[in-house]
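Quick one: the structure is below, and I'll ask about it shortly.
Just so it is clear, A, B, C, D, E, F, G and H label the chains in written order, and each chain counts residues from 1 on its own.
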Amino acid sequence: MQEFEFDWHRQQRTGVAEAVLCEGKTVEQIKSILAQANQRQASLLLTRLSLAAMRECSENFTNLESHDASETAVLNNGLPALAVSDCLIVTAGSSDMKVAHEARQTLLYNGLDVPIIADCGVAGLWRLTDKLELLNAAPLIIAVAGMEGALFPVLAGLVKGVVIAVPTSNGYGVAQGGKVALGSALSACSPGVVAVNIDNGFGAACAMLKMMPVTRRSAQ
Amino acid sequence: MQEFEFDWHRQQRTGVAEAVLCEGKTVEQIKSILAQANQRQASLLLTRLSLAAMRECSENFTNLESHDASETAVLNNGLPALAVSDCLIVTAGSSDMKVAHEARQTLLYNGLDVPIIADCGVAGLWRLTDKLELLNAAPLIIAVAGMEGALFPVLAGLVKGVVIAVPTSNGYGVAQGGKVALGSALSACSPGVVAVNIDNGFGAACAMLKMMPVTRRSAQ
Amino acid sequence: MQEFEFDWHRQQRTGVAEAVLCEGKTVEQIKSILAQANQRQASLLLTRLSLAAMRECSENFTNLESHDASETAVLNNGLPALAVSDCLIVTAGSSDMKVAHEARQTLLYNGLDVPIIADCGVAGLWRLTDKLELLNAAPLIIAVAGMEGALFPVLAGLVKGVVIAVPTSNGYGVAQGGKVALGSALSACSPGVVAVNIDNGFGAACAMLKMMPVTRRSAQ
Amino acid sequence: MQEFEFDWHRQQRTGVAEAVLCEGKTVEQIKSILAQANQRQASLLLTRLSLAAMRECSENFTNLESHDASETAVLNNGLPALAVSDCLIVTAGSSDMKVAHEARQTLLYNGLDVPIIADCGVAGLWRLTDKLELLNAAPLIIAVAGMEGALFPVLAGLVKGVVIAVPTSNGYGVAQGGKVALGSALSACSPGVVAVNIDNGFGAACAMLKMMPVTRRSAQ
Amino acid sequence: MQEFEFDWHRQQRTGVAEAVLCEGKTVEQIKSILAQANQRQASLLLTRLSLAAMRECSENFTNLESHDASETAVLNNGLPALAVSDCLIVTAGSSDMKVAHEARQTLLYNGLDVPIIADCGVAGLWRLTDKLELLNAAPLIIAVAGMEGALFPVLAGLVKGVVIAVPTSNGYGVAQGGKVALGSALSACSPGVVAVNIDNGFGAACAMLKMMPVTRRSAQ
Amino acid sequence: MQEFEFDWHRQQRTGVAEAVLCEGKTVEQIKSILAQANQRQASLLLTRLSLAAMRECSENFTNLESHDASETAVLNNGLPALAVSDCLIVTAGSSDMKVAHEARQTLLYNGLDVPIIADCGVAGLWRLTDKLELLNAAPLIIAVAGMEGALFPVLAGLVKGVVIAVPTSNGYGVAQGGKVALGSALSACSPGVVAVNIDNGFGAACAMLKMMPVTRRSAQ
Amino acid sequence: MQEFEFDWHRQQRTGVAEAVLCEGKTVEQIKSILAQANQRQASLLLTRLSLAAMRECSENFTNLESHDASETAVLNNGLPALAVSDCLIVTAGSSDMKVAHEARQTLLYNGLDVPIIADCGVAGLWRLTDKLELLNAAPLIIAVAGMEGALFPVLAGLVKGVVIAVPTSNGYGVAQGGKVALGSALSACSPGVVAVNIDNGFGAACAMLKMMPVTRRSAQ
Amino acid sequence: MQEFEFDWHRQQRTGVAEAVLCEGKTVEQIKSILAQANQRQASLLLTRLSLAAMRECSENFTNLESHDASETAVLNNGLPALAVSDCLIVTAGSSDMKVAHEARQTLLYNGLDVPIIADCGVAGLWRLTDKLELLNAAPLIIAVAGMEGALFPVLAGLVKGVVIAVPTSNGYGVAQGGKVALGSALSACSPGVVAVNIDNGFGAACAMLKMMPVTRRSAQ
């Protein structure tokens, strides 16, 4: 029985290549996918790869480049040259860094270097308003926030760029699991916020790639 | 069978008098309570009194003073003299006015004149920052907001006063019923926010009364 | 007491003008806002305006242009010239038309004429695949779907453009209120879908406006 | 005290034999059931048997045949001869294989060899449409999908056979636990989808067995 | 703009014709669909058609046959001849009759006369056991139950036929909306129960039609 | 088709007669049941009978005795003689009276006169402690409370009798629908509280009847 | 600081002695309570005592009698003599035994020997009907069931005794955590079922003790 | 990339210093924050610091003072002198002590010594009423309770001081996670209760600090 049928033409069809969500897969399944990719000399992005699985796979695949802080890895069979971008990733707190890094690694894999502006939560509003010039220059901003997610409406009320909200599961009590932050993104009183799933840094990066104007993307 | 046993000593015991939550009571039950109060020459605050019930009761009780915008009424058998307060009620949007008015009427009934600062939602942050001096002078602020409730953490991150958050049921989709705004109040990243139930302007006012320093309250 | 403090500079600051969400406001409040706008000779978009309120307001404001099918209205004090767009609005079923029209009216108000492609639900997949060429030419697509919301992942797996998902509250049983369709948008297996709140056609249109490349927008 | 009263006549009564759901039972309880079955020389299917419990039981019962990938085992005291079937099991992604295998093992135990067609998720629709001939030949299809579960309505809109939907708990954020995939199955816009509980491969197989026309089943 | 694109080939493709779910559609939209169908001389089934809409449509379409108790109607441009069936519809209580009738009308529209056995709830188990012979003769049973939905597991534990469970929204308190009955169907301890959405009599009938063995169906 | 199969032997079998839950039934269905009962000269209890339906039925059945405050009615074809009981019904507030009356009417129908002690909510604890002697003499107490339902644990911590908790749907915000009060009953820190469904005064009365010691019941 | 203030008079006041819920307490806290009890020569029941904590406490307290299967223990400073009872504990499946044993141990601690009738789930209805005589002789029955909890309404429809329902957290998918089984108990169509919290065998036993007629209890 | 931007002026701006919520941060992130604080010779409060992380950090930072029972630590670079307070912390049960200690440690860090009155749950009401004089002398009371949270309304109905409710996640079944206790706090029938998030002892302490009258606070 063939367990995987990889969608090798997804990039061509949709503009974003298929990646491997490792959560829910056995290490054997992941290795089998990596072997198939190497056979085609195709590069692959792996997300939600536990540190244990990361170590096990690295032993077998020398062209696997791991990134601990985001629990991602790249099977490198050639990647696009890096272009610097005027887009941004903004986080509310340091607990949101892992998800922000997942977004950043996905963008790097696709040839785009997008900086992370950390720790801009609204509890100290000056941390956000101090960077207004920088924020206003970005046509697209990935905002990463857990707990009450107030960063989403506040940011969207201040800048012209699109705010792609990534709620995170950081928080406890009523905020546990990220439902409050997601609710904040979806019912933000500032118009034009769009949201992806809780903790979905990968999806936010894919959305950013798809939103990028054709001319700008070709500059990469 | 005696259907009501009013807690006439609640004010003395807890500092806040019992009020009548009219929702869920028949007009007959409300009238019976009003009659008992008049018999004792006691004043009474009625909350969540539908306009229909309001009209019906007003016909029978000439000392019932109605307030449409808040769906409250006062059975006036003598009220404390009004004192001006340095406390504030702040709302995010005009849909939150009814709840804000319920808080204000409750405070007026207890002798305290607290102004409402309307329409300070974070979508236009300048509406909040423009009033920072005023807001910072208030030792206690009732903040009323629906939808994503970002007003709570933002306000609490800006001022020294206590923020009593009243989430409202304004909003649709995931925000319907007020659970997102409540979640925002409870998981606010700015410390020191306290919350009452959704749409509970009355409760917020009671909390404000109880928090008021003894010296200030005696000034009323 | 001043009940409204309109955010007249929101367009300049964020690229999208403030609109009036009429749900939760009394007709008196709406009229007061319209009067203020007329005084400034400012145009205004009103959303979720019940037919009853629409009729009442129309009597007082002759420059109010109503649109029944979307429950929106425009206070017309001058609007941008209309530009035809290569963007699209796609709906799963005819029950989703009201929300699709809200998006379309918002775009029209902002000078963009975006057509609606109706009734493309996945139950008859040919309705979608038949239009693949048209769909693939659109850089931005607003997809409107209720019930199980399978349109979101299927569409996003077929086209290069950004899919802005608007889940609708159409559906019964477990789908009642739109939570299943929203879940489908957020956990879509095709990367790059972004979502707005349930029934939020207005928000989807604002997001589309913000995503539009600068060059294209100036062409309006 | 007798802890178990096995329903040995269930197959005769309902067409499907009782199986042992091991989750929630101690190893001692499972062993005791196995011993009782061996005493009656009855075969038994065990589901949700953890690998640890599997190993422990295997040491004591030499006629216990384990299947790791599905966490099932069969106490073999004679099984029906295998018949090849024109029915199918279809999965959306490789994370759904465990549940698909549970269904397949249950069918094998009952004498039916049903193949698994893996990795047919709608993100790459061609993976489904490429197999349309094969899919259309199956009178009964078990479809296994997590995340947004769009496979259910899409498949049911393409084929004549019954679609027995098994939502899986694969997914994170709003999809965590399988509620979104279940909702997708239950509110599918394509008529005729039926659903079983989340991750219930066993139940789907039982339903397939019961739906099989009498003549076909006797052919086994 | 064309609002509807009817899926006229669905019957041929999937074995069940498209029907019109009227809930969420305006009377104008429904009339427009009916007119299109008459133009093609096609018959149509309408479900969840409110009595008001029913009356309004009946005035314009003389070949529209209404059925009040199920809130369905049939636009009759020729229907299949009726065949008597050995299948059954079973209800727990009289409050479940509307949903049972929706199933029955859908089957009648497709040429199958399936009787309803009413009021078999488990509170008086004899009502079920008294009919065991009748129930055991049915290869397919649609079971309709609200409240705690215990009918599903009990029935499935007694008979050989497939049990298609239709949970209903009848019930109050924790049972309100049908979630408990649905949960009962999905987690039934008797294997082989399959479920459709809450109150979805139409879907259950479609599933029954699809499950019917080819030979039996051609006998219609 | 026979729509009802009444369980006339339920009293004999379970000790409590079947009653008719009118919510969800049409007036025609209710009348049909009443006619059947009169034909057998059987008495019947009807619960959740709307005032409109009550009036309509009363016109046709002269032996139907209505009770507005509880929305119940009794078809009187002979009832047991009334016995005074040492059991009690206790309510937290006047909004809970309707549910308390449903319990009382059910008990009266079964020959037991149980008084209601109203308005004992814990906000004024003296209302409860003042009646401790009375409360302690009752072997069985039905406690009816909405909102936060603190009456259940407090009462159970004070008395020897069984506390049958009936949470009510009175309350707003997080308490809306009665889930908080139900949660309070089920997780009461005082042992020995048992709960019935939200607003289920009928069920509480049935439970009380079943708990009554044989000797005491024969005394009726 | 004194961390515990034991309620030594609870038995006298409410008829049931205070027990120690060990979940959520540190081993140090538990030991401190045990020491206090020994000092007063008081017996104590401990529930939800993890096996690890059990072992640690047993080393220090020689009069602590552990019961593994129920995760309870008794600090024995004298217990009432055991009386045999005509009451029963009934379980749906073997996964429910732990909770059933918690109930049984609580009853034993209070001097009452109540047998457990295991594995009576409704999937094989004969397991229940075979024991009807036995079941009908019991004035009080604790019924323990997880998954869909159909045992509660079926049992209550068959017997005269009170059914005290204990839903358990056994089950997966929608049944996970016990909410479906609890819903089944609360909305059971058979009147007179009362429920305690999920997995609360202790509470069910306390309720049974309180319901026991005075004469019978004195016989212990 | 700079991961942290500490809000050093928060105390001056809002009256409460920023603290470090360690849950969700890696030990490396925590150490980096501690190093930055030491560099500024600033004191810091750390909350939700796991015992493992506590030990690891203590090795590197000699001025880190740990408090196991509350999982907090203080980086001591000078703290305010301690003042005794007439405020109180009250807990329902011993499982609530950890959260109570978090509140107490936060107050100590801010120079206020507030005693904990333990084990005052309403199951033994005398434990509360015995201390009425003490409780009535406190202008502000932090009440900590899990399970059904009845302590909140009962306490608030007895005393004049403000009740700051901290629901805890202690409890199982429907009370698991603290939602019932939170609901009890928010819908308390006694007016003037305010709530913070589940298990948020830190937030309650911050709220208490902000509520303290200016004159009283300067007395510290």
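Criterion: contacts are C-beta pairs under 8 Å (C-beta built on N, C-alpha and C of every residue); 3 or more make two chains touch, one makes a residue touch a chain.
Bear in mind the structure is a predicted one, so any value in this text is a computation, not a measurement.
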Neighbouring chains common to subunit B and subunit F, by label: H
Homomeric contact subunit B-subunit H: same or different residue positions, threshold half: same
Between subunit C and subunit E, centroid-to-centroid distance (C-alpha), Å: 35
Gap in Å, rounded to a whole number, between the CA centres of subunit D and subunit C: 43
Rounded Å distance between subunit A and subunit F, as computed from the means of their C-alpha atoms: 56
Residues of subunit E whose C-beta touches two or more other chains: 10, 123-124, 156-158, 172-175, 179, 182, 186-187, 190-191, 197-198, 200
All pairs of touching chains, each written as two labels joined by a dash: A-B, A-C, A-D, A-H, B-C, B-F, B-H, C-D, C-E, D-E, D-G, E-F, E-G, F-G, F-H, G-H
Subunit H residues within the subunit A interface of the complex: 1-5, 7, 9-10, 18, 21, 23-25, 29, 33, 48, 167, 169, 177-179, 182, 197-200
Partner subunit B, residues of subunit H touching it in the complex: 10, 13-16, 19, 139, 156-162, 164, 182, 186-187, 190-198, 200, 202-203, 206-207, 209-211, 213-216
Subunit H to subunit G touching residues, read off their complex: 94-95, 97, 115-116, 118-120, 123-124, 127, 146, 170, 172-176
In the complex with subunit A, residue positions of subunit B that touch it: 92-93, 121-125, 147-150, 152-154, 156-158, 171-175, 179-180, 182-191
